[in-house]
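First chain A sits with chain B, and in the next complex the same chain sits with chain C.
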Partner chain A sequence: MDLRPKRYVDTVVLSPVGRIDHATSEDFKIALAPYMTRCAEGQDRVVLDFAGVEYISSVGLRVLMLASKQAKAQRGSLGIAALQPAVREIFDISRFTMVLDVFPSVREGLARLSPKALATFDAA
Partner chain B sequence: MPPDGRLTVKFWGTRGSIPVAMTSAEVRRKLIAALTRASGRKLETPEQAAAFLDRELDFAGSRTFGGNSSCVEIVTDRRDYVLCDLGSGARVFGNEVLGTRDASGQRFHAFMSHPHWDHIMGFPFFMPAYQAGNHIKIYGCHADLEEAFRGQHAAPCFPVDFSRLSATIEFVRLEPDREYEIAGLRVRPKLQRHGGDSYGYRFQAGDKVVVYSTDAEHKQDDLTEIKAFAEFFRDADLVIFDSQYSLAEATSIKEDWGHSSNVVGLELCQMAHAKRLCLYHHEPVSDDERIAALLAETRRLEEITRTDRRVEILAAYDGMEIAL
Partner chain C sequence: MHWSERRWVRVLCGSRGRPLGIAILALLLAVEAAPELFGLGLVRLAAFDAYQRWAPRTRHSAPAVIVAIDDESLRLHGQWPWPRTWLAQLVAKVAEADPAAIGIDIVMPEADRLSPGRLPEFVPGIGQDLTQRLSRLPSNDAVLARTLQTSPVVLGVAGLEADAGPRRTVRRVPFRIVGGDPTPLVRRFEATLHSAEEIDRVVKGHGLLNVDTERGVVRRMPLVAAVGDELVPSFGIEILRVAIGEPVLTVRTGASGVEAVGVGDLFVPTERDGSVRLHFARPDPERFVSAADLLAGKVDRQLLERKLVLIGVTALGLSDYQATPAADRMSGVEIHAQLLENMFDTDLLTRPRAVGWAEAGLLLAGGLLLIVIMPRGSALASVALYALMVGAIVTAGALLYLKSGILLDAASPSLALGTLFTSMLVVTLAETERHRQALRRQVEQQREEAARLAGELEAARRIQMGSLPNPATAFPGDARLDLYALLEPAREVGGDLYDFFSLDRDRLCLLIGDVAGKGLPGSLFMAVSKALYKSAALRGVGSVDAVMREADREISRDNAEGLFVTMLAGILDASSGLLEYCNAGHEPLYLLPNGDRPLVRLADGGGPPLCVVDRFPYAASARSLARGDTICLVTDGVLDAMSPKAEAYGRARFEALLEKVGRAASAAEIGEAIRLEVSRFADGVESTDDMAILVLRWKGPSGR
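This part shows the complex of A and B:
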């Protein structure tokens, strides 16, 4: 899965597209892994831009939960941004909005995670 | 009893982990809300009051999901009683039996998911067990099932020892993934992920299928397991499913606690083309409003994730009956 990474100073924005379900979650997990390895204190922050994700099932949410746990263990920062309305409902119903850092937009995610990255994002 | 080939499912206990009861404050809060809503209405007869409750108030406003622990009855066209689990709901069921049939001469078949306390605690208060002439067969896949039942009757836990129960009580060991013919039903147990193991049961009579699957955790990234459960639920008319936790809880702080979520239950039913998903084994902390919200959210999730077939979503409550 191509996550189309874009770097803004110390923050990497990843943009998966399509459905994250039993057919694609393993690819998503594998694609995400190297970025999560570097999602640690003093290294990168990661924002997942979900604007292109039209559906996520429980197995996809589990990938996000494991990524979040890894980030916390490494004292890194992971945010998920720009959920489509249906995906936002899935996050709400599964209570993932209560355990993950979810932002209305990539810009708002960057504002919380890294002001330096936000400045670069705004200038781009 | 339903005619040949039909099944009715009756819920006697629907709460997970431990029985709960509404508090005085909760009853009062519901009454205040209902009376306020009824202000100015003409409610002079029980019929008018009942009609007001049915038309104007939602389930949580006029009733309660109840608080007895796991016990579900499957009513077939036979005279024998068929139960899943003997939690505190079995006490209410037993009293109903005594009130509607002869106290003696009854036959009961109880299929046990596992011997955790909330699933066996109704048996010491199951009055038909104290009546000679009744025959109770307790089925399960655990080697220590009989020991668990005898243990909860023993001192210092309970004053009446198991040996003093007058009914004929038999324990029957089943093997998972084998099909049995019992009490007019084809029955197949399946191993489930839970502390000390639990077992789900797929019941079939004619073309009607009921799956009882409680106290089961599902690891979404174990595709082999997910496919096996989808097959176990395949084309079921009703899947009774442990939805005690939210998906977020089940994959984080309560991971490996042995329970599942509404989200996973719906996904499995969608994969299996099951007709109905019944949310069951409700979290004891949840009040009626919380369970009603869980039901509404699950119905909404079904709407936004529906592909070709609709899954009807229900939330079990003590006293609920579903005719299939």
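This part shows the complex of A and C:
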């Protein structure tokens, strides 16, 4: 799965596309792993741009849960932004809004996680 | 065990049969090096004969003419042996024509019994007087000797294998030896049979008439042989010597044996034993002149002038006829004429040592090619390769024979390659067979494995389904409750669950959940979650939210896989209709009110799924049910069901359905309506997710 990574100073924005379900979640997990390894205090911050994600199933949510646990253990910062309404509903129902920092847009996510990255994002 | 899988076959055919191929090739090379040892000599001779039968030599020059004492001569002049005076006349007639030399292919060991002095022996009644007169006449042998003395005549002598009688001194022919002594190398006879001394001593030369037969066929003739310690020339080369007038013959030897026999400046290359391989032309009447015609003066002198004239007997019944590669019967004298033609035109056949190496090289190269290519190529390619190689070898053999009279044995390398080809074919076949057997076994194993796994999943599913309580028997005799429950697993085993049980006389607990994970791990986690939740509830922890918090801690403790489970639990007091519920990340429950009130989606309270956030403080919500109210709990297998057009069933359709059937007669009718509608919507599209449905109607405190 291509996450189309974009770097803004100390923050990496990852933009998966399509459905994250039983068929694709393993790919998503493998693609995400190297970024999560570097998502730690003093290293990278990660924003997941979900604008292109149409659907996420419980196995997809599990990947996000494991990523969130890894980030917390490494004292890193992980945010998720720009959820489509269907995905937003899944997050609401499963209360994953309580698990991850959810932002209305990538820009707002950057604003919270790294002001330096925001400056670069706005300049680009 | 299949024959191709036996140990010895596998060892022989290992590495695609190449070790076996190389072993066979080595054996074949050994056979090639010593063909006589293995009976291959016959094959080789047959191959050489085939060349000569297929393309016999063509005569270029005609140095030799045969004066044949043939059937016509015997018919005109009477039986053989003739008186030697007649033979003397015949020689004289030949000598008149001034030939280069005369060779007499007749051995006359005894004195002629037809001499005048011996006539009284077979003519009884000859008077004393006549006997005395006859005895004064010269003997026939003396007459012949006189004639022979004046002409360049060579007499034939016969080499004898066994010494038969008193040894006659061989008339010494001078030899000049170049190199080592050839005597031990050449063909050896114990003795020679000469003509009578009176005749024998007057002629200019003596030559051996013997030819060598190999398996009854004349192919070679010694140019020089040994009798005792003496070298003796062959008839043909001696005739040449006398014709040229050379006093000596030369024998040249080298490291490997006799190399050549020469006369004057003509050198004839020989085999190591001083013999030559004759290159035969077909029998040809042109070579012959009848003795009868010669005696009658009917032969043109030019026919014999400056020729090598051979006198021999060809009449049937008298002559020695031999089999040759070019003809089944050829008279001995014609064989000598053929040798003279061979030497004149220098087109004897040869078989240099290098040819033997070339044959071995062809076998080695061809064999290695077969060993390398055959295991890789198709059977057709292998056959084509073999045919191509045999074709090339036969063509090379034919070209060498035609262009330079060199004898290359094409048959034995072809036969050897054929043997190797067949062995490799069998080996390749065995290999293929074994492969097929192994494949078949593998497929069988996979099938068994799949069947076993399917069996295990089937068992797991039965256990999972068996652990679900039956709504009909869960609350026996309790008229206040009407319950429907369904779990439809997707493919083998899924992770959805439901459960319901009594906490005390009035209160009942019901829960529905969905593990984020399918297959065996999901199923096991589901069973563990369900059991832990139930045990937490039955321990009397208290309110529904306290049970949820306790279950979260216990399930998280045994979660090595990092799975999580959504859980919606409710506790209903059947005496009051108070419903307390707590939702851990699950699809909210629906309230289907009795009467005209609208459908309610109870999305409040709760928190994330179990095992997601450590020690999350789950909180409960509560709702009072009215008599006849119904609650409905589902898993996302219902809402996410897919149509053939890849459209999700969705909340809107689901809520519309509940509005429609919510006031139906029983919980089962509502539950079945949901199941049917989802199944109709999916229209055969296989579900990827489990689907669970719980419907509970409270019929009031008394159940009326």
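Brief remarks follow.
Convention: the second predicted complex is superposed on the first by the 124 of 124 C-alpha atoms of A that agree within 3 Å, B and C clash if a C-alpha of one lies under 4 Å from a C-alpha of the other, contacts with A are read in each partner's own complex, and residues count from 1 in each chain.
Rule of thumb we're sticking to: contacts are C-beta pairs under 8 Å (C-beta built on N, C-alpha and C of every residue); 3 or more make two chains touch, one makes a residue touch a chain.
Note that the structure is predicted; figures quoted are calculated from it, not measured.
With chain A as the common reference, chain B cannot sit beside chain C without a clash. In the superposition on chain A, no contact is made by A:R4 with either chain B or chain C. Using the contact criterion defined above for the overlaid structures, shared-chain residue A:S94 touches chain B and also reaches chain C. By the touch criterion defined above, A:R38 lies against neither chain B nor chain C after alignment on the C-alpha atoms of chain A.
Of the two partner chains placed around the shared chain by superposition, chain B and chain C are both touched by A:H22. Contacts of A:S57 after superposition: both chain B and chain C are touched.
Put simply, of the chain B stretches 128-136, 164-172 or 272-280, the part that bumps into chain C is 272-280. Residues 22, 55, 57-59, 61-62, 65, 69, 92-96, 98-99 of chain A lie at the contact with chain B in one complex and at the contact with chain C in the other. Across the complex, chain C is touched by residues 21-22, 55, 57-59, 61-62, 65-66, 69, 92-96, 98-99 of chain A. For chain A in complex with chain B, the touching residues are 22, 25-26, 55, 57-59, 61-63, 65, 69, 86, 89-90, 92-96, 98-99.
Chain contact summary for the complex, chain C toward chain A: residues 514-518, 562-564, 566, 584-588, 603, 606-609, 612-613, 616, 636, 640, 648, 688-689. On chain B, the positions that touch chain A within their shared complex are 220-221, 223, 226, 246-249, 251-252, 261-264, 267, 297-298, 300-301, 304-305.
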